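Below: a set of structures, written as structure tokens.
Both of the next two complexes hold chain A, though its partner changes from chain B to chain C.
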Partner chain A sequence: MKFDTIIIGGGLAGLTAGISLVNKGQKTLIVSSGQSALHFFSGSFELLSSSDNPFDAMKSLPVSHPYSKIGKDNILRLAGSAVPFFKSAGVTLSGESSHKRVTPMGFLKNAWLTSDGLLTVPADGTLPWKKAAVVNISGFLDFHSPFVCAGLEKCGLECREFAVTLPELEKLRHNPTEMRSTNIAKTLTGEVLDKFAAEIERVSAGCDVVILPAVVGIQDESECKRLCSLVSRPVKMVATFPPSVPGIRIQVQLKRQFCAAGGTFMLGDTVTEGVFEGGLLKGIYTRNHGDTLLTADNFVIASGSFFSHGLVAERNRVYEPVFGLDVLASDERGEWFATDIFENQPYMSFGLSVDNEFRPSLGGVTIGNLRAVGSVLGGFNPLKEGCGAGVAILTAMRVAELIS
Partner chain B sequence: MVQEYDVIVIGGGITGAGVARDASMRGLKTLLVERHDLTDGATGRNHGLLHSGARYAVTDSESASECIRENMILRRIASHCVEQTDGLFITLPEDDLGYQATFIESCRKAGINAFAIDPKEAIRLEPSVNKSLIGAVRVPDGAVDPFRLTIANVVDAQLHGADVLTYKQVTSILKDDSGRVTGIGVTDLHTKQQTKYYSKIVINAAGIWGHGIAQMAGAQVNMFPAKGALLIFGHRVNNMVLNRCRKPADADILVPGDTICLIGTTSSRVPFEEVDNMNVTPQEVEVLMREGEKLAPSLASTRILRAYAGVRPLVAADNDPSGRSISRGIVCLDHETRDGIPGFITITGGKLMTYRLMAEWAVDLACKKLGVDRKCETAEVCLPGSSATPQEQPRVGTTIGQRAARGRHGERTSQISLSSDTDRSIVCECEEVSVGEVNYAIEKLGVTGLVDMRRRTRVGMGTCQGELCACRAAGLLAKADGCARKAISNVADFLNERWKGIRPIAWGETLCEAQFTSWIYEGVCGLNDSQEKRIQ
Partner chain C sequence: MEKERESIEYNFEQCIKCTVCTVYCPVVAVNPDYPGPKQAGPDGERYRLKNPLFYDEALDMCLNCKRCEVACPSGVRVGDIIQNARLKYGTKKPRLRDFMLASTDLMGSVATVVAPVANASLSLKPVKAVMDCTLGVDKHRTFPKYSSQKFVTWFRKHARKAQDAFPKKVSYFHGCYANYNFPQLAKDFVTVMNAVGYGVNLLEDEKCCGVALISNGFKKRATKQAQTNLAALREAVGRGEPVLTTSSTCTFTIRDEYAHILGLDNSDVRDSVMLAVRFLFNLVDSGKVKLVFREDFRRKIAYHTPCHMEKLGWGIYPVSLLKMIPGVDLTVLDSNCCGIAGTYGFKKEHYADSQKIGEPLFNQIKSLAPDVVATDCETCKWQIEMSTGYPVANPVSILAEALDIEATMKANA
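Moving on, here comes the complex of A and B:
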């Protein structure tokens, strides 16, 4: 099977690259093992949330940082095209002005693009409401109203806590492990959603805004919009502990968009071997396709970090398991970690070593037609810098430009 | 009015808990004081091995006989804390098979039922054992949950009228003009408030920290901190305790316990300054892995959950301050006769296995001083949780969570509310801990934070090490005490406590899980140092 580009990894970076390439008319394949960091989504994409002025702060990043490799002008241009890009892919994001998201623990964090329907706080910290009804679902343990209220009260919002239930939700509760965000979202559709909206309307009387855990709309955005239209007050949602319903919705929608535009998505497949020749990757073998060599002019590796298994740590070694590409990492385990969990952990910056056009190397030889995007890249700390999603999206867009 | 006790017990480890139980059962008005949480010291950082005594049979016959007697007592009085797994002492090709006969002979002398079995039979009994073994001896070893055992002793002490204070650090030993000890001064670690408590007798059962307590009273006990490091694996590889049949050495015991198994220990002297902050070194991890794989080769490919280290209080004989003649036996010091300090007793040395006997000795001495003539009954009366006969066991539901809870709390599971769907819903999926059990721990077992919660219920002890359950449990804590901020800073402490044990062994899946946890808490939830400091 011959493609223009084969992408390894179907998370945010892989799908962004994939959609960008199919939009440009490329015959594109994504090989995905099925996991995506979007399942643990915060509700917002971050650009460089450690700073209040991310575009300024980027200037002082080290040259090894993926943002430095993209370059300032390209970043501004690509970041500006992100909202329309996702809009045309069926994912509504708000990000016109700088804002903060509200975390499940009630903290406010700088955000870049936030999933439609989620509660955001403007940069000046003022909200247009006085009284909020924070409504949880009885027995749902992955959202804690007291944490969220404590955070919102700092923004001057008077919060009242409520818990609601419906017979359909009670059914979930009979099984002690069923009361999870995704199961609730699968229940809160159709007529059940209508009844849910009526309950919310009833308990929130006298309040200016309703705040809910983000447990509505797992398939697409329409259920969220319908819920909002059924309640007479504004309805805003706050991210829950994983799994993330808005994250799964974005993942599903991007994959749907990629396939609708003509891309091929191989779900549940894993690359077993790469065939290299003369500094180029000729093709790959996958577990499900046995001895069929999948070839392409270009390849993109978007396999993620350790928890996506894009990187693997052994007792005294860190490696990239698909091709064995060169990584930026220490072989001394003593150097991987800081004592305090909240300090800068060096292992978070481990990843592929790439040139300025995101081409990794194998045994010191740059692979001319392979590019790396997203969190498999080394040289940055997505957690401390608050740039995981920004790097995923912008490196993917940049690489799609470089390829086509 | 000043409340006066007959006995104040310092130290909420197994020894202090045992002393408090014994004293209160003999009608003494008792106060137990612990600096951090119950089981925070060596009690919560060991193998959880129900020694048969076989390990000491050749080198220390007195300890061996004590062990087997206490072993048989604990099986009876603490049945919900004990797993009767039995154990094997295996001989590998690199070991001297000649040792086996000496070993069995010594065991028999100490009253330990040890008998050689065919290596093939050993493999049949315990399929995880190294198949190249050339000899095996079966002994009545087992597993004991030190958290459960301590809590059961404390609960029983409370049922007999004892008071228990945690997070109260002893800062002074009070004396009257004649030099008699009259009580203690403590500082509450949360509120910093200082309080005095008075008693006729103060019993120092503070483990390695008892060295400092004795100094406060003006007595010198020659203790030597000995660090022992262990590794916990992510699942239960073996069902029988596995030991090496040779002179005791590093990392030669593999103990199953609940859902996991443990290899240990190393042994090294450490300075006193380090006892509050034990870190496991990469070298110790290497030794534990290397030796562990010899007992059960599949450990090489088994995920490690945590590494941790405890500090044993080794006590030198009084006539040997250099510490060359170290005893692992029980040391009960009457400071009135030894140092001219009436009203002060130190109970130390010994081991988890002999805690009950240690308590008996200390309380016997206290009773003698108080003129109380009451016999020790702790060897006969079962602990709360283990008191019901099989016919009397409360009926619990059939879910794994309900059965797991009964395993953890014995017949006291009947006090856990599981009447509603909310109560039954699961907080910790790895260890099947329900909302009802978490609330029971908050209300009845003196839980003040997530670390305490873990010790009482196993929340966060499983393969995910608190990935989602920490926050769920924190939400329930916040609800119980009405303070969201406190619960959140508690999550930060809990994650750091987990990280300390994960860091030395963070590779493979353990590192993936650690990264995932950081993503959730620091990334998605926005929890970090500065925020935590800001809310304090």
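Moving on, here comes the complex of A and C:
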């Protein structure tokens, strides 16, 4: 089976690259070994949240950092195109001005692009409302109103806590540990959403804004919009503990867009072998397709980090399991960790060693038609620097440009 | 390079409790009494290893669709863990109904002999009411019709001899449905294979793949039938013939469940057993075979990917073949379980959930209003036909109709 480009990995980076390439008319295949880390999405994409001024701070990043490899001018250009890019894929993001997101623990963190409908706080920390109704669902354990209220009260918002329920939501409590954001979102549609809106309207009387856990709209944005239109006060949502409804919505929407534009998405399949010849990757074999060689002119590896098994750590080595590509990682286990857990952990920066056009190497030989994007890359610390999503989106966009 | 986490015994330890499987479970979405794949699978397994009394009868609600496994980012065989637990710890004895639903060969052999009577009585309201009360087969369920002549009988009488003319051969695992209920599918398969220059052999001794026996708790009988099938497959593969199929569930059962659930070693034949659509696509894709289509063929087709097809990862083959037909307007339906899951949707206790699970799929089909729905699974066909009123055909049957058979034969002579 022949494609123009085959992408290994179907998360944020793989799908961003995939949509960019199909939009340019490429016959593109994504092979994904399972669902992605978008299911644990915070609600906001970060660019470099450790800094209040990310574009300035990027200038002082080391040359090995993926942002440095993209280059300042390219970053500005590509970052500017992100909102319309996602908009055309059916994902509405707000990111016009610098703002903060609200974590499920009630902390405020610098954000870049935030999923539509989620509560954001402007950089100056002032909100346009005085009194907020923070409304949880009875029995839902992945959202803690007191934490969120405590955070918002620091912004001068007076918060009142409520819990609402409906017979349909009570049913979910039969299995209390499995009452998750996604099960709630699947229940809160159609007529049930109307009843839910009426409950919210009732309890929030006298408040200026309603704040809810993000448990509405798993398939697309229409149910969120409908809920907002049914309540007379502004409705804003805050991310819950995982799984993340806004994240799954983005995953579903991006995959839908990729397939609608003509891309092929193979979920639940794993690459078993790469066929290399003269410094090029000729094709891949996968578990599901057995002896059928999948060939392409170009390949992209977007297999993620440790969580997605894009990187694997054994006792004394860290390796890339798909092709065995060269990895930036210390051989000395003692150098993987810092003793203080909150310190900069070196293993977080492990990943593929690539050239300035994101081409990884195998046994020291650069693979000319293979590029790496997203968190499988080495040279950055997504957690400490707050740049995981930014690196995923911008490296994917950059690589799609380099390929076509 | 990635090592397969084949050992089922400790595979649950790969679970990091991320809950992604539960997000994609079709049963959880409609029935909160089901604890969900994470709880029923890897979480529960820890307890069951400690004490089998922790086994929860709610595991009977699992459809065995394997969507949890397709979604899992950590390679946990969630569905296998649940099925194995049901067979190992389940305390409910299978009922007469389960025996009847699972014994596809026995019921098929009897019913084909008295097909007109069987078909007429199975669609009568009083018969359905009695089956509902006494057997627990839901009265709303439409039974598939039985054919008065088995495919195998037809083949021996009318097609067997003609196969000798072809130097290249494939073997065919027809499955129960094509043999007892709808021989036309098997006939279409023979037509298409002959058109591209391949003769068809039947297996020496074919039994039901056993999927219904496994899901109804008859592990011993399933194992015995699987062993008979494996022997027949080995013989065909030994002759150098791939074994082609027209049912995604039979294919998945032989390739994966024989090893993962029944513990049989099928590694020597696994790669040779495949859906005809995969075999055909690869022939066309590599330029070994040409398909010539009728110029007057026009169809608006909606393709439904069966759950076990999702698990096989082979949806691309029928979709690519259907796209090759010039007069076809094809929509690939959203990935959604139809709800029937083999014998599951026949059971009174599961009927309502079964219909609710399929609802988004039925609605999408109705809104598209296709000429025909294409799918590779016979039970999906029954469910979709009963629940939407739209006709459903196997992609192989659509190909048989769309091909200019004579021109294709000439092109591949």
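As a convention for this text, the second predicted complex is superposed on the first by the 404 of 404 C-alpha atoms of A that agree within 3 Å, B and C clash if a C-alpha of one lies under 4 Å from a C-alpha of the other, contacts with A are read in each partner's own complex, and residues count from 1 in each chain.
Note that in this section a residue touches a chain if its C-beta (ideal position, glycine included) is under 8 Å from a C-beta of that chain, and two chains touch if they have at least 3 such contacts.
This is a predicted model, so every value here is computed, not measured.
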item: Combined model on chain A: chain C and chain B, fit or clash; value: fit
item: Touching partner for A:402 - first (chain B), second (chain C), both, neither; value: neither
item: Partner chain(s) touched by A:272 [first = chain B, second = chain C, both, neither]; value: second
item: Superposed arrangement, angle subtended at the Cα centre of chain A by chain B and chain C, nearest 10 degrees; value: 90
item: Touched partner set for A:105, first chain B, second chain C, both or neither; value: first
item: Touched partner set for A:365, first chain B, second chain C, both or neither; value: neither
item: Partner chain in contact with A:242 - chain B first, chain C second, else both or neither; value: both
item: Touching partner for A:177 - first (chain B), second (chain C), both, neither; value: both
item: Which of chain B and chain C A:150 touches, first, second, both or neither; value: first
item: Partner chain in contact with A:198 - chain B first, chain C second, else both or neither; value: neither
item: Contacts of A:305 with chain B and chain C, given as first, second, both or neither; value: first
item: Superposition-derived minimum Cα distance between chain C and chain B (Å); value: 6
item: Footprint overlap on chain A, comparing chain B with chain C; value: 37, 40, 173-174, 177, 242, 307, 309
item: Interface residues, chain A side, partner chain B - complex; value: 37, 40-42, 103-109, 138-139, 141-142, 144, 146-147, 149-150, 170, 173-174, 176-177, 179, 239, 241-242, 244, 305-307, 309, 312-315, 333-334, 336-337, 339-343, 345, 347-348, 383, 388
item: List of chain B residues in touch with chain A within their complex; value: 282, 399, 401, 421-422, 424-427, 429, 434-435, 468, 471-472, 474-476, 478-479, 482, 484-485, 487-488, 491-492, 495-496, 498-499, 503, 506-508, 511-513, 515-516, 518-520, 522-529, 531-532
item: List of chain A residues in touch with chain C within their complex; value: 1-2, 33-37, 39-40, 171-175, 177-178, 180, 182-183, 186, 242-243, 248, 259, 264, 266-273, 286-292, 307-309, 319, 321-324
item: Chain A-touching residues of chain C, taken from the complex the two chains share; value: 1-2, 4, 16, 18-20, 22-24, 28-29, 32-36, 38-39, 69-75, 271, 278, 282, 285, 310-314, 316, 332
